[in-house]
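Order of writing sets the labels: A, B, C and D. Residues in every chain begin at 1.
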Amino acid sequence: MTSSHPIPVGLLGATGMVGQQFVLQLEGHPWFRVAWLGASERSAGRTYAEAARWVQDRPMPEGVAGMVVQPATVSADCPEVVFSAMDASAAGGIERAFARAGHFVLSNSRNHRLDADVPLVIPEVNPDHMELIKHQRRERGWPGAIVTNPNCSTITLTMALAPLRPFGIRRVLVTTLQAVSGAGYPGVPAVDMLGNAVPFIGGEEDKLSVETCKLLGELRGGGDGVEPAAVTVSAHCNRVPTVDGHLVCASVELEAQPSPDDAREAMTAFRGRPQELVLPTAPGRPVQVVAGADRPQPRRDVGAGRGMAVTVGRVRECPLLGLKFVALGHNTIRGAAGASVLNAELLVAGGWMIGAQSLHGAENGEGQR
Amino acid sequence: MTSSHPIPVGLLGATGMVGQQFVLQLEGHPWFRVAWLGASERSAGRTYAEAARWVQDRPMPEGVAGMVVQPATVSADCPEVVFSAMDASAAGGIERAFARAGHFVLSNSRNHRLDADVPLVIPEVNPDHMELIKHQRRERGWPGAIVTNPNCSTITLTMALAPLRPFGIRRVLVTTLQAVSGAGYPGVPAVDMLGNAVPFIGGEEDKLSVETCKLLGELRGGGDGVEPAAVTVSAHCNRVPTVDGHLVCASVELEAQPSPDDAREAMTAFRGRPQELVLPTAPGRPVQVVAGADRPQPRRDVGAGRGMAVTVGRVRECPLLGLKFVALGHNTIRGAAGASVLNAELLVAGGWMIGAQSLHGAENGEGQR
Amino acid sequence: MTSSHPIPVGLLGATGMVGQQFVLQLEGHPWFRVAWLGASERSAGRTYAEAARWVQDRPMPEGVAGMVVQPATVSADCPEVVFSAMDASAAGGIERAFARAGHFVLSNSRNHRLDADVPLVIPEVNPDHMELIKHQRRERGWPGAIVTNPNCSTITLTMALAPLRPFGIRRVLVTTLQAVSGAGYPGVPAVDMLGNAVPFIGGEEDKLSVETCKLLGELRGGGDGVEPAAVTVSAHCNRVPTVDGHLVCASVELEAQPSPDDAREAMTAFRGRPQELVLPTAPGRPVQVVAGADRPQPRRDVGAGRGMAVTVGRVRECPLLGLKFVALGHNTIRGAAGASVLNAELLVAGGWMIGAQSLHGAENGEGQR
Amino acid sequence: MTSSHPIPVGLLGATGMVGQQFVLQLEGHPWFRVAWLGASERSAGRTYAEAARWVQDRPMPEGVAGMVVQPATVSADCPEVVFSAMDASAAGGIERAFARAGHFVLSNSRNHRLDADVPLVIPEVNPDHMELIKHQRRERGWPGAIVTNPNCSTITLTMALAPLRPFGIRRVLVTTLQAVSGAGYPGVPAVDMLGNAVPFIGGEEDKLSVETCKLLGELRGGGDGVEPAAVTVSAHCNRVPTVDGHLVCASVELEAQPSPDDAREAMTAFRGRPQELVLPTAPGRPVQVVAGADRPQPRRDVGAGRGMAVTVGRVRECPLLGLKFVALGHNTIRGAAGASVLNAELLVAGGWMIGAQSLHGAENGEGQR
């Protein structure tokens, strides 16, 4: 590998809001280089600058602006590693087609998260679940594979819970205050959000209940599935007029009943595989306990760890469940594009991609596509 | 009494934000008429229009604009019934002085809420606690009395809980999304709130835990105190960029484990003393279960019952505590000025003021002030 | 006429945001009663409660909730008077079809505003332009007619300018700060507006330049057209994160160079035909000069005259053009639904509808529809 | 100079909002190093971390957190170069005292901006006005001097106008949409700004009229004053609910009547002394013409040139004055702390500080302080 960005990657759903976040997250990435952009028929054939209605606060990277957008279909031009930022309405079939054709699909969509043989991974929390890939490829006979990351609010909650696993997590009651960027583009109308809050986000409460348990679950001995954690999670989800950053108020019942100090210490000391492997976009400290009595706050703390760290504050006793705190995660970085990219880094560094590359080489040689 | 507004009332702390809300709430009131305005030395001697920096969305009523503001000290000119919108920093001593001088002080301040002999009342929830007045006057030897209403977020929560009392309330986990008007004026700086949320409001979580239990408690047989309800309330309080209306996400454990339908029915059917007595500012239905899947919303539902009703939505099962829902109350009407005014209406209609009036008459005759 | 709401009216585009505002504006109207709702094929056949995604801050009136929505096509069931809240993309042809079939169409859409034979009217400003109806019906051979009201920001500006006509209006430089409700529903995405301002609104600046001149123009002797006023209007239009109320900063060059006091006096004294005729929704004072140094403000002053008055503040010298001030109008009431309803009231009270009624009667007799 | 930050600087008014911005702007500066913090008596004696209520979106630099805040009085410990972020209420006398004691005071306060012998400078616009320092020191007999930068909205406007000087600027009509951070801390109450706009900012319109003319004026031959430019500026100033970034809608009358293309070209080509001298915080392109039809937008474009560039969009014909456009500047960087720091860089690079240094050396030797 002679290039400074040795691994070309493709991007499905490149023009949408999450797609744009992938473009930003991959800009200047030391391992990956965007080499292929796929989107709907409407966008295909136009340059990215023409096709994407750019709504990010940072400018469009020049490297992608002139690239011609391709149809979101399997193509020999598309690199082996593919990020998927597609809408759930279309993502399922397309992602399977790409995996079947030998691609590693790192998906931000919800479609396959709960499939028994699909890893749902936060690299700091359950990196070993990546092992499911082997089972998945065997089972489905795919040279490629699908890897997923959780929903944005689930990532924030689960990152904050992970350091508490040694204390035995039993029950979690969580209320979210979620930013509008989590709804995509155009997303929530301004006339619904200005000076208002909406106490409902479709499907979100279920995701928090279910995805959290899979993430905190145990990989079964044979590596053919995950035993969900026996944690009861009940959620209230709200949309509030913030731009970026999901705030999560959590009360937690822990078997060992640690003190707030113990909990804070566990959070501060917490490190995971990405930190051990020093993955390029891994934050040095994945969970950062902030000091201010009124922190974390979305606008002020969302950038911690370049958007890849979760900040936690107000760790204190809960008269009802034992412990309570507030956590904040950047929903479009740690909670979306950054999550998939970190999963890809883990795949590469953990050696899970080797098999695929050889399969892929063979496949290319045989012209199977 | 020949006037259409027979009962003159005074207003302590008239120029501040809560004071302004009292002025609005009393405008055109069928029983009460603002006859005396008290405020700090700085304001005294100026007309209300000069002294008050008016920050309400409705214009200043003409009736008060020309009234001259008085010092907030006991005076023979001040009517018997006095509303207090004073800052907690000053309220305590002044309110006591007025009660000692024969006034009925209806206070929105926190200073005396937890005093054993001071009624903390929501008329729909615990009207019988008004009986404490007798004990208070006896104990303290006051011709007048102090009556308090709870903190704005507590009122919203407790109104929604009250209809569930027959099911046996055991534990409540509540997360609030509170509007900026709750912080008074100038209150929270815009630069802290635009596109932001602040997960902390000083003292608020304790108030929710403690005041709720007093409100739901039982008046002891002798009428000399209240036995707080054995309800555990744990709160997370957040300030969000809404103008009016505290949103409250509550999970509740109830002994009888009612279904969501049963809970909704109980809430809808709920009526209290103000509805029986048809008090002037009592809402016809104090708790209104709204239909929309994404309601209640502060900007859209805060006006229910002219700001005096609490709206409830999303009544559903909580996998952790049994039942969960969202409630919304107007923090500056039902949660502040309107609460005190309704307390005053209850006092009048319930006959608790009679004794005071005679005492007061005597006192005036003897020139004791 | 025995009913308390003698005149049934239809509503085209009933389910959209402007349609909803018409429903609210017509609720409890003393002259008009919504009797027919037309909308797109997708909505037709469902009740209004089912078809409309209600996004107003006041609840849906019960009277319309159960009405079945009809297709937006000419029908014998549709009353003679029809309000049109249709999107400009569809409004043109449908409005013409209704006028051709004998209806008086009061349109809020831009399609026909600049047609030489179509009145563009603000009742306080140019009621005589209604005379164009006669010419229009003759020219086009229609038993009905189309009457339009201007764009929301133009109404606000022109109402504030109208009292200054006696001073000779020459040049106007106007910068608008427009509310998001002006963009309809879903309109502007929240992620574009929170903590942001957008210095562009498609087509708006041209409308301000052109519509203002037609409104301030003279009806030609023969009543067959309007001579636009020779006023140069240059506009900068901005979308800002306010919900309701367009704020307009205007600098004006006037031939007679009145002092700010003279201008204020002219504005305060200003009355028009709606005030003379005491039309039901006409504000008593159409232009209200507010006192506060920092007023008008959208959230605080938008309700003046129940949304039908324009408030003006900061009338002062402009070192460049002579006079400057700030004006505020409620964009969805005075600037949209309320504007059309007031036009209808003028039509009725001014006797312009008589001809149509007889024509319509004849037509009905002949079954021409 | 052996250190990497050779020039120690002091900071007056260090704990306030503008002071905090200075701290951020100077963090990692290649020439300057914060060595002394001065603030009110209330803060003096405490560490900066204790004394400052930090309200920035980036964390407090560790370097200053532990520094002990000093009283804002002349002291031998204070370095020669001093930035002043003091409130206008206190700034005047203190700044003069420091200049009299030999300090170069780079002030963001308005107190001395219009003094005939005080330079009011934007380095790209009127660097030669720094010559006034010599006159000032001579006149006042000060070993030090006061240098000022303009008000935040004036900087934005004037930066955008400067490239148009060759066309002959005659008249400017400007309407601003200003962010809340411009009001300092606590500044504007949230309850006044959420979903609202305030069409008044005290003193701001005058500053735009007067400061712009001084900035665009000519240094008189003898260097003893500035002949203000004969430009008429009329301003409408509004506060809107944005956090950072003043948006400025300007219509301009130019003698040479350039086309929009010519104006855009002049803006794009514009460079000043800071660019020639490659000053550390100078943006490469001080005025950046942005492409999007709806740009610049505060939240999205405020960071251009790390907050030191002004972005301009929508350059088009104005039917009234000839040319119109929208400009955006970061009010707390380019419009405040960054402006003073760039002035200091110009002072150093332009050699204006040499005299002071020797004076200062002498003075130190003589222990005059």
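Heads up, the rule we're going with is that a residue touches a chain if its C-beta (ideal position, glycine included) is under 8 Å from a C-beta of that chain, and two chains touch if they have at least 3 such contacts.
Remember, predicted model here, so these are calculated numbers, not experimental data.
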item: Shortest walk length in steps over touching chains, subunit B through to subunit C; value: 1
item: Chains touching both subunit C and subunit D; value: A, B
item: Whole-Å separation of chain centres (CA-atom averages), subunit A against subunit C; value: 48
item: Chain centre separation (subunit A, subunit B; CA means) in Å; value: 45
item: Gap in Å, rounded to a whole number, between the CA centres of subunit D and subunit A; value: 42
item: Sequence positions of subunit B contacting 2 or more other chains; value: 194-195, 241-243, 299-300
item: Residues of subunit C defined as touching subunit B within the complex; value: 56-58, 194-195, 243, 299-300, 303
item: Subunit D - residues contacting subunit B, complex; value: 17, 55, 180-181, 183, 185-195, 241-243
item: Touching residues (chain side subunit B, partner subunit A) in the complex; value: 171-173, 175, 177, 194-200, 209, 232-234, 236, 238, 240-243, 247, 249, 251, 293-300, 313-314, 318-321, 324, 326
